[in-house]
Amino acid sequence: MGKNIKVVPRHGREFKDRLYLPAIYNGMKITFKHLIDNVADSNAVDTLEYPEEQPTDITERYRGLHRLTHRDDDTMACVACFMCATACPSNCIFIEATERNDGKDEKMPSRFAIDTLECVFCGYCVEACPCDAIRMDTGIFSLIGNSREDFVLERDQLLKHKGVFGEENSRARK
Amino acid sequence: MLENSIFAILSLFLIGGALMVLLSREIVLNAFGFLIAMLAMAGLFALLENSFLFLAQIMISAGAVVVLSLIAVTTINLKRDNLPEEPNKIRWIVISALIVSPISLLIYKTLTMVNRKFQETVDGYGTLKVIGGELFSSWVLPFEILSVLLLAAMLAAIVIARKESEI
Amino acid sequence: MKSIDIIVDGQIYSATKGSLLIDLLIKNDLKVPYFCYHEALGADGNCRMCMVEIEGQKRPQIACDTLIKDNMIVKTKGEMIDGVHRDVLELELVNHPVDCPVCDQAGECKLQDFYMDYGLYDSKIDVAEKVKHEKHIDLGSSVMLDQERCVLCARCTRFTSNITKTHELGIIGRGDHARVSTMPGKKLDNPYAMNVVDLCPVGALTSKDFRFAQRVWFLTSTPSICQGCAKGCNIYVDHNKLKYKDEKIYRFRPRRNDEVNGHFICDEGRLSYKSLQEERQEFMEIDGREATLGEVLGRYDTLLKSSENIVILADANLYIEELEKIISYADSIGAKLYTPMESYVDEEFGDDWLRSSMRASNAKGVEMLSIADKIPDEKISLLIDFNHPDAKSIEAEHTISMRTHSDSGKSDIVLPLASYLQSSGKIINEDGIEQFSDRVLECSEPVATVSEWISILSRADIGGEV
Amino acid sequence: MTLAAIIIAIVSFALGALLALLMIPVLVWLERRGAGLIQDRLGPNRTNVGGFRFGGVVQSFADVVKLVLKEEYYPSHIKDHRWLFILAPMITFVAALLAFMVIPFADNIVIAGESLKIQALPVEYGVLWYLAIGAVGVIGIFFGGWLSHNKYSLLGASRAGSMMISYELPLGLSVLAFVITYNSIDFNAMVAWQSGTVLGFLPAWGIVVQPLGAIILIIALFAETNRAPFSVSEGESEIVAGYMTEYTAMKFAMYFMGEYVAMNTASAVIITMVFGGYQLPWVSTEMLIENFRYFAWAIMVVMPVVVYFVIEWMYKNNAVRPTVISDGSREFEAKVLSIVMVVMTLVVEVILVYLSSAQDAVLGTSIAVMLLQIVVFVVKLMIFNLFFILVRWTLPRFRYDQVQDLGWRYLLPLSLVNLFITAIVVVGVS
Amino acid sequence: MSQEPFFLVATLLFSIGLIGVMSRRNLFAVYISIELMLSAINLILVTFSRLLGDMGGSVIVLLLLAVIAAEAAVFLAMIIQLARAKKTIDSDYFSHLRQPKESL
């Protein structure tokens, strides 16, 4: 127990607090005020009319759908090191590695799939990647499919996704 | 005619529910059979123009007792495997039915010895007002004794079901 | 040899006079880094990692080449010795390409471990400035060489020159250009070659077979016994269950057992895991089509009732417990039990080290249980085959066969049998050493072990319910 | 039975069924829109049939269609007694529906010297009926939760059961206090009692004569209906969805609708017992009939004004940002609805003009009074449903032990005290 | 409508309850059977009350309902306690008072 500990007096011991009814009344007053204000003028409610109006304020740190990046020479940045699969808390990354014959590197994924139904979009894979090969900067926040299989994104699909935060930022950093 | 068919349906439910209690191994079905029987019993009370008893039956037997038993059963939470096996249940039922049947026959004969017919009821028969008047004029002592009994039962239930005490 | 007491890090240990200091350190789990020393290969003293401080000596000494003397006081920790370790490690890593993401050794790499334990310095050299070597060299015998990652510990060259005496590998060049290589035009080619992969402390030598298949930290290692031949080499089975998939074996590694195989196994045994998961019998068959257990039991009962002369063939690779089960089963149905050993002998395979020409792993066990060898020449009405390789050549009216691997042979009933990694029991190797092998993988329905099949079948025999 | 009696019986039964059943989609919509607006969102407002959205009510009907067409899914572990599993939500739903049937929607109407009840089930023991049937409703929850073979369901069910037992007591005791005050268990008589005034200026509503009893009654009814903040039996933050965990499609909808019917019923009971039922404050039925002319004039003046402002409000709020919908369907809807409203106003005005000018339109007057009272009742009902919704979106859910604590340690003694005081006062006054 | 059917149903219900008490080993079923018997008595009483046009029978039934509630509370508390002690509600397991066989 150091001297830095600040003791906050405990509230709610008085009769008025223990009665709860005044507090309930105050809470109801707030919600009722919001209700009345918004009923009186529902145009003032500041919401996005979603499918017609798309969000424009996605920041760079927004974790959207994944993508696999390219290097400066347009080759795949991923070397199938399995770091993302190791870091993944929901085990939704499936990688099968193979020999790489383009002379750029030794190893590449022959299959790199993300089961987005299981993905929790935590971004650990992005943090774990030593090659900056996987990123979540596509800005895509909705994925639609007719079957479960549609939600398993395969390697080529992930490679096709584009980063939305400028061309200069879309390449894999060394 | 309408009365007769209502009676037939209600007694069908009543006996069906009772048989469910008797024959089924599962506690769920026992409880459900009991519920049906009690609701049908309430219906029979209504048929006998006892409107207050109809509600009291629903409230106490069907409502309170069934809910209480369900709470008790879920509290002990028996798995199906923990239920008694009762391999010779049917045999036992047949044997006890053979023993019971003469007694029931006797009861039925005795009951039907009353030589009377249903009359038109006087006004207000079976309503709360009349029952209450009767209860607090000629039945005060039983009523008071009963209140003591209820208190005793409540205390007993609390004492028995307490967790600390061991048998 | 005289036993003496020496002091290491303030603790007193008793040791044999004149033995190597590093052996004592390893035996007592004292942390000491080393690349080139190996208990099977002896000291070489070229990596300089195992430096320890010995009181009375001016400079730190390498533990692998220091003999234990009286009144020795050794320090393996301390500021000075840690600095030495760090400097030596930095030197080893000067030209290392640091491509751990693509390196198969990552996770069981000594360089990684030691860097985390002793290194943790900031590199002074840019990756681009490092000396380049060749990265893709197929040495033959499924061994890949990456010269950049090599720390020149010479374990592999010593293995080929001291253990196999085939002398394929050597270190050529000097200074920065020193590297491991084969003689020009020669390939690594001996039946034990893949042991260099295990010997290599870094990712320079990797197995082509395991290359990129799976990262090692996902794998579970289970100790087991190889059943390639009667030698009974001890192995680790590295396996892993991927999401939505069955458990898969990725590799066999040798497990040290000085009584049987020392540190090594042969290449054929090492690669024998593949055949354990290929072309497996996975369902029950009656007359060549898939069947349910009820049908199988019905057919089994009629076959058993209508047959006069029943013969049971037992595989000599089965565990002792399973063979005993088969013996009592044979008694219960009045059948004769044979294990023809002729087909197991493979003279070409055998050598005088870890390969035995008897390919049945439990041949001694069969002998011990005195199961008859030769089948007398008479008419067999029902043949019950427990995975014997020679069963196809035996004439019988009806056949019930339990197979681990699917096979085109004609049988009335085929039952899928568990492989030896899916079962557990004892085997006796050709030297009479009894070893226990634990179950590594679970069976998936309807695959079952010999004991399970016998109990399923004999319950049907009694007429009880299934 | 006369023709009038039969017509009135049918009308009141239809009214009861409509008010209970048709209220479900409206309440679901109200809950969603209300929640949205309270939280500064919009809530469902897009679904339409031919451009008509009615503020989004259509969404509820779309949901009904979805729930009906949805796959009936049974978890594989529910092997036996599936019939009981299906029956359980029905028990709850039917019980909630039956409990609503004893609420009087208007005062007894006198036609040809015969006093007829505007009550779906014309019984005299309304309160008892409500308590009895309400007790049965929880059995459906119990069976459903138990037969789901799921620990969360079982927990939810036993929570619902023990909560019902612990709140039935304060509820019954506070109802008893009202019964003593009103000297009747008939809802009609209760409402009639409340038509007077106390101290000369306050309406003699239950909330005025029995403030403590009224608060206990309202709290206990919140608990009885399993609504927030007492919704521990389906507390999704701890036990998934409680007794409803394994239910899908229409079976789930039965529980869901049963909950809203129960909430509607609870509102109706609160209104009837505490807030004067179908009565306007200070105005008894007799006064209404005698002075109907003045009321008619007042309505004739007020109604056009109200309708004008409603139309204004509708035009204002029906507009959306042009980027979203630009086909003019919303303007069209507003136009049609305002025409309908104006026509309705005109019709009402004409009828009122006739009634107030005719000298001997006794029957017409009493029917108009009945309609007026029904309207008052429905308005009060909606206000209380809104109150339920407002409470749900204001208060956090109590912890289960807090719920039990409140029931046993505070409400029960309080209601007992209330009962004693009431008895003493009533005896003293009489 | 005559009274015999009511008596018949009541007698049947009583018999079923009695059979249940005699033949079942599940304590819960035994308890419900007892309740059924009580209810049968209730029905008989109400029928008589109606038959004689006297409210006395109905009042007894009302009192009996209270007894039923009291009985339910005590009986269920006992079942809970017994189940807690032996992890079963099989009546054969509750034989503390029985004399051991060998001493008979």
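Letters are used for the chains, namely A, B, C, D and E, taken in the order the chains are written, and counting of residues starts over at 1 for each.
Keep in mind that, in the parts below, a contact is a pair of C-beta atoms (placed from the backbone, for glycine too) under 8 Å apart; a residue touches a chain by one contact, two chains touch by 3 or more.
Predicted model, so just to flag it, every value in this text is computed and none were measured.
Engineer: How many links in the shortest chain of touching chains run from chain B to chain E?
Structural biologist: The fewest steps needed to get from chain B to chain E is 1.
Engineer: In contact with chain D and with chain E at once: which chains are those? Just list them.
Structural biologist: B
Engineer: Taking all protein C-alpha atoms shown, work out their mean, then name the chain whose own C-alpha mean is nearest to it.
Structural biologist: A
Engineer: What chain pair shows the greatest number of contacts?
Structural biologist: Ranked by contacting C-beta pairs, first place goes to B-E.
Engineer: Just grab the chain with the largest centre-to-centre distance to chain E, centres being mean Cα coordinates.
Structural biologist: C
Engineer: Where the centres are mean C-alpha positions, what is the separation of chain C from chain E, in Å?
Structural biologist: Computed from C-alpha means, the inter-chain centre distance equals 72 Å.
Engineer: Distance-wise, how many Å sit between the C-alpha centres of chain B and chain D, to the nearest whole number?
Structural biologist: Roughly 33 Å separates the two chain centres.
Engineer: Measure off the straight-line distance from the CA centroid of chain C to the CA centroid of chain D, and report it in whole Å.
Structural biologist: Distance between chain centres, rounded to whole Å: 75 Å.
Engineer: Which chain B residues sit where two or more other chains touch them?
Structural biologist: 31, 52, 56, 64, 68, 75
Engineer: On chain A, where are the residues touching two or more other chains?
Structural biologist: Correct list: empty.
Engineer: Treating touching as the only link between chains, describe the layout with one word: line, ring, star, complete or other.
Structural biologist: It is a line, because the chains touch in a row without closing up.
Engineer: Where do chains touch, given as pairs?
Structural biologist: Contacting pairs: A-C, A-D, B-D, B-E.
Engineer: Which residues, counting only chain A, touch chain D once they are in their complex?
Structural biologist: That would be residues 21, 24, 27-28, 30-32, 34-35, 38-43, 45-47, 49, 52-53 of chain A.
Engineer: Spell out the part of chain C that touches chain A in their complex, as residue ranges.
Structural biologist: Where chain C meets chain A, its residues are 99-102, 106, 135-136, 211-213, 215, 217-218, 242-243.
Engineer: Which residues, counting only chain D, touch chain A once they are in their complex?
Structural biologist: Result: residues 34, 37-42, 215, 313, 316-317, 319-321, 323-325, 390-391, 393-395 of chain D touch chain A.
Engineer: Would you pull the chain B residues touching chain D in the complex into a rising list?
Structural biologist: 26, 28-29, 31-32, 35, 39, 51-52, 55-56, 58-59, 62-64, 66-68, 70-71, 74-75, 77, 127-128
Engineer: Name, in rising order, each residue of chain B that touches chain E in their complex.
Structural biologist: It comes out as residues 3-4, 7, 11, 14-15, 18-19, 21-22, 25, 27, 30-31, 33-34, 37-38, 41, 44-45, 48-50, 52-53, 56-57, 60-61, 64-65, 68-69, 72-73, 75-76, 78, 82-86, 89, 92-93, 95-97, 99-101, 103-104, 107-108, 111-112, 114, 116-119, 121-122, 125-126, 130-131, 134-135, 138-139, 142-143, 146, 149-150, 152-154, 156-158, 160-161, 163, 165-167.
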